[in-house]
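Shared between the two complexes below is chain A, which has chain B as its partner in the first and chain C in the second.
Moving on to the complex of A and B:
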């Protein structure tokens, strides 16, 4: 293993600083990083892990500072439990646990918002809707807990996720897919906003009512340019990825923390225990 | 092999009779099935017999009109031609002594640093630091070493203070720097840049050139494709001109700077003017050099007394001559300037910091560009002195717009206008400006000073936080501004929606005979009649831009705003955009051009508003 495994030498980020491995203010952070590098170098001189020196930069994200693979496990656990659980109370407790998990990873506000979303969807599921519409909201409600846990994963740097997946020997093509997924997730809203702005600026729908009265035209105006932009963006991104070594042989490293440790084991055990406990409790009841 | 070595050193980049022809998959399959040998490439479909050599520590600038093969040469160098872009590649293409086609991905990423035209297209990560580290991480470099390289690259490119910033929050100039830092982080032997200054203002371009000079000094070979050639005079070692995929000419910087204007026009190159970022240093030193310099203009070619006075104030005779010659030269582009005694492109070199700029109130020096919050404004009515029409040289003004007539009393105004973006607190504050009908008003200024913000408020895209917008002295509500305004975005892809060009110009409106007639008039005016049935997505960039302008022409909007319409365009493209703007103005519309392209400002503008 080449990448950062020296947890003690690493930098732990404050909540809300996810994705900022090098710090908001360059010089200050750089000093910190340099100190970390010195400490890591000293540690590396003293102990060799897997035949490679400890990483000098080992940025942990969130309060728990977990490995991305722990998050993947948590998402899976919450997902399975969400499918197994039927009762509203148990599902709500599962959501609470997922929100706690997210908050523990430095995303307290997002955790609160996810709980609010759960409450809204839960409320909608009680509406006397015909046919499958009622089922729709119940299904949505059961998706919220794993989605909440997934937010902890996706708040990590793509660099850390790709590195962690590479260690799991995930095929390179899948890694490229993950990379593109993150890029498009951030690019699509921007592209869509730009298109909407372009429509407004051309005065095609001067009033909001015009858009309501012409849904087919709205679809045409949004869909066509969005597809064209995505095609262009994907082609250019793929070319760039190739030039930037995404297909290079050998392991991928990351300046972010990647490495399973004791806290990962503890958190994973706690998540699994909660999920199993809720499922078992519902079964017994 | 003619270009194998340069002196005793192995060339970092070597192309010897290299050709490339694009083929699509269906053509390739058909060819493989019939086992027919590849046919020679046709002009415009690739490049042919290109030979060049770039030694370590040297800089080559590729130039030529759009679509003549510059990007294809870059793709040959970076190895995308023939692999990512299917086609037939022949001849020698070597990077650091190895055939680029045989480089494995790791070797290619280690040896080459590439900056694409649109930096957004090459970003993968969320933050600046992560983005710069991306390539090194892909190569499995130890994290400690990655961190060191990232800090070094950020420092070289001047983004060390942005390491934790999200990429989406950066300005276009900052993104360009980050892209450059990401490219140099692995300390590549060869740096390939595709039109790196197309979105940069003069200050940003100067900073970029400074960075390139530093990288050159470290031994990196630099290959740049560019339209704004003068900006690279300080750092370029050779200019290579391409036409129809072939190398037509090679110039040293001194020779390029001394090209006669007629030749520059014939070549379709951009004629950067007194504000265009040309190097004062290089221009001054070359005055006594071997290349022929500018010749003093003939009598009657002096653009205006103000300019002449300012040139004198700018200090040197040579520079003064240059400025005068250049102004006369530019006027010839629009056909109003007549015989020039070989005005030289190099004449632009000397006046960047000299008098010509200050004579028009736009002499804001690069170092002053970082004042974003409260842009100051300076309006100039005499901008048309650069535009070429002799009758406009006397100085257009608000009270007498160039086209005169009915438009003279019809003026859009912003009064004490304030709009600051909630997140960045940047924008415009307390701004007063006027935009007469039937005239082209250029809004200029450095990146991030609030030009586009002003345009958005004017068009009603955002609501002013203070102040008001009036037309003929009457306040105009935001909703009405949205109805009467038409904003042409920088990227035409965001504004084309219909299934054909003809449908596009009438989109969203009730089609009657009058509108049909007007639509055809618009298509004819913008030379689109032959493309009426084509899908807008199938058009070239310039054609798409024309469609959006034709739609503006056809619309009821009497206020047309263009946002940076010439980034990435060659000299001919800029002249065309200027002509289109003038056409819209002649149709009685108020045309506002937001740009930091000084060439366009001088060619199209009747008036100028300079934000700083």
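Moving on to the complex of A and C:
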């Protein structure tokens, strides 16, 4: 069975309730069958031991290791600044600041890659293309800084994001949705590839030209298995999540650092100051 | 609360039937990811082939055409209040995190309008109503393009002016700021959604309901 919405084994647990194992399994909630009950009991036992072992863990990402909510603020600040800024130099400086932010949160490689992407898109925007063909690159260039800051959030563990959102009293079903969003977005390309592989194996479109000549049939051949797969997945994942106690009462915790502190306030102030400074500097110039 | 969970004639809907189950949440998220991914793939292909002035005439009907069949399956399977507003908000949040902070209030307004359009029992299980509601989704999507031009028109023209001829930029900006162009864009979105609904209804009957999965 696939990983559930809440489901990093041994990560979520209810504080001080290890003995009741509510962090993993909602008793009697799962399926009602004897087999499911056995599985639930086994998972609950695992939760007890995991919960005790992970009691004092507080994993931070990188030097800064900020709270997911600080990342949201940073994305908003970089997003507004990237829309307002016009000059190439100022936009490049904004990208550098976003990359620094990402690197500080333990994603140095990703930060370098985002800078390389920015440089490539920037170079492409100067290509002498006819008409407005290159507008896409200019727009993309202005999207890279907020996306870079957003990577600090997207690359976090879904468990940490769920825990942070739970502290904002976000409804549980919305939390599950957010977690699924992060998990399934990465699984979809795999599903799509397996569908394409199936089409090839059946020899439905022996040549690429056949696919080009019959776009409606291509769409139907992709649509039908994808929809069936999605419908089955949603039922399986829902059963899995319920079995693993996604609807259990009690506070959600995470081994990943979650909590707003002085560090978050300082970095948030610095990000806002950089964004405002760049916009103001360009305005004055 | 009166439920619209099941609009099939004569069926009594129990209290609390409008509450989303875990399966509904999973279905909602999975299908929305599919809709967003499909739209993004088509958009990237379109951007690679056509210039920005011409994408206006293709994307406006092509995006709803390819995504409406997926939406109809999701709406049919869940069939509860909040499907449309949630979908609009999700796309809006995605755009917000991709750098369009102005999309957040637009998405909230679109979600409210969309859910009002879907008011009443059985709305999500009626192909016509679901398709009409999905048009609101695309109208909101159109606003993601229009609003920044209205708010930051000068800054954007200045950004592009550094790279391209002023007349080309002005022609493109006009497509998103002048009423006749905006109405044409909305008409293309409506046509695409209607055609997508016809295709989606056929597929829903031919594949999904026959398989008895949804």
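Everything that follows uses one rule, which is that the second predicted complex is superposed on the first by the 180 of 285 C-alpha atoms of A that agree within 3 Å, B and C clash if a C-alpha of one lies under 4 Å from a C-alpha of the other, contacts with A are read in each partner's own complex, and residues count from 1 in each chain.
The definition used in the following text is that contacts are C-beta pairs under 8 Å (C-beta built on N, C-alpha and C of every residue); 3 or more make two chains touch, one makes a residue touch a chain.
Model, not experiment: these values are computed from the prediction.
By the touch criterion defined above, A:135 reaches chain C but does not reach chain B. Using the contact criterion defined above for the overlaid structures, shared-chain residue A:251 touches chain B, although it does not reach chain C.
In the superposition on chain A, contact of A:228 is made with both chain B and chain C. Once the two complexes are laid over each other on the shared chain, residue contacts for A:215 go to neither chain B nor chain C. Of the two partner chains, chain C is the only one that A:184 touches; chain B does not reach it.
Applying the stated contact rule after C-alpha superposition, one finds that A:79 touches chain C and leaves chain B untouched.
Once the two complexes are overlaid on the shared chain, A:242 sits against chain B and chain C alike.
Set side by side, chain B and chain C differ in how many residues of chain A they touch, and the one touching more is B. In the superposition on chain A, contact of A:283 is made with neither chain B nor chain C.
Overlap of the chain B and chain C contact sets on chain A: residues 220, 224, 228, 232-233, 237-239, 241-242, 246-247. The part of chain A that touches chain B in the complex is made up of residues 2-4, 17, 19-27, 29-30, 33, 37, 40-41, 52-53, 55-58, 157-159, 162-163, 179, 182-183, 186-187, 190, 194-195, 197-206, 210, 217, 220-221, 224-225, 228-229, 232-233, 236-255. Listed in rising order, the residues of chain A touching chain C in the complex are 5, 75-76, 78-80, 82-84, 86, 88, 125-126, 130-136, 138, 142-143, 145-147, 150, 153, 173, 176-177, 180-181, 184-185, 188, 219-220, 223-224, 226-228, 230-235, 237-239, 241-242, 246-247. Looking at the complex, you find that chain C touches chain A at residues 20-23, 25-31, 33-34, 37, 47, 51-53, 66, 69-70, 73, 77, 90, 96-102, 148, 152, 155, 158-160, 162-164, 168-169, 172, 203, 207-208, 211, 213-214. Across the interface of their complex, chain A is touched by residues 78-80, 83-84, 104-106, 108-110, 112, 114, 116, 118, 120-130, 133-144, 146-148, 150-151, 154, 160-166, 168, 182, 459, 461, 479, 482-483, 485-489, 491, 493-498, 507-508, 537, 548, 551, 555, 557 of chain B.
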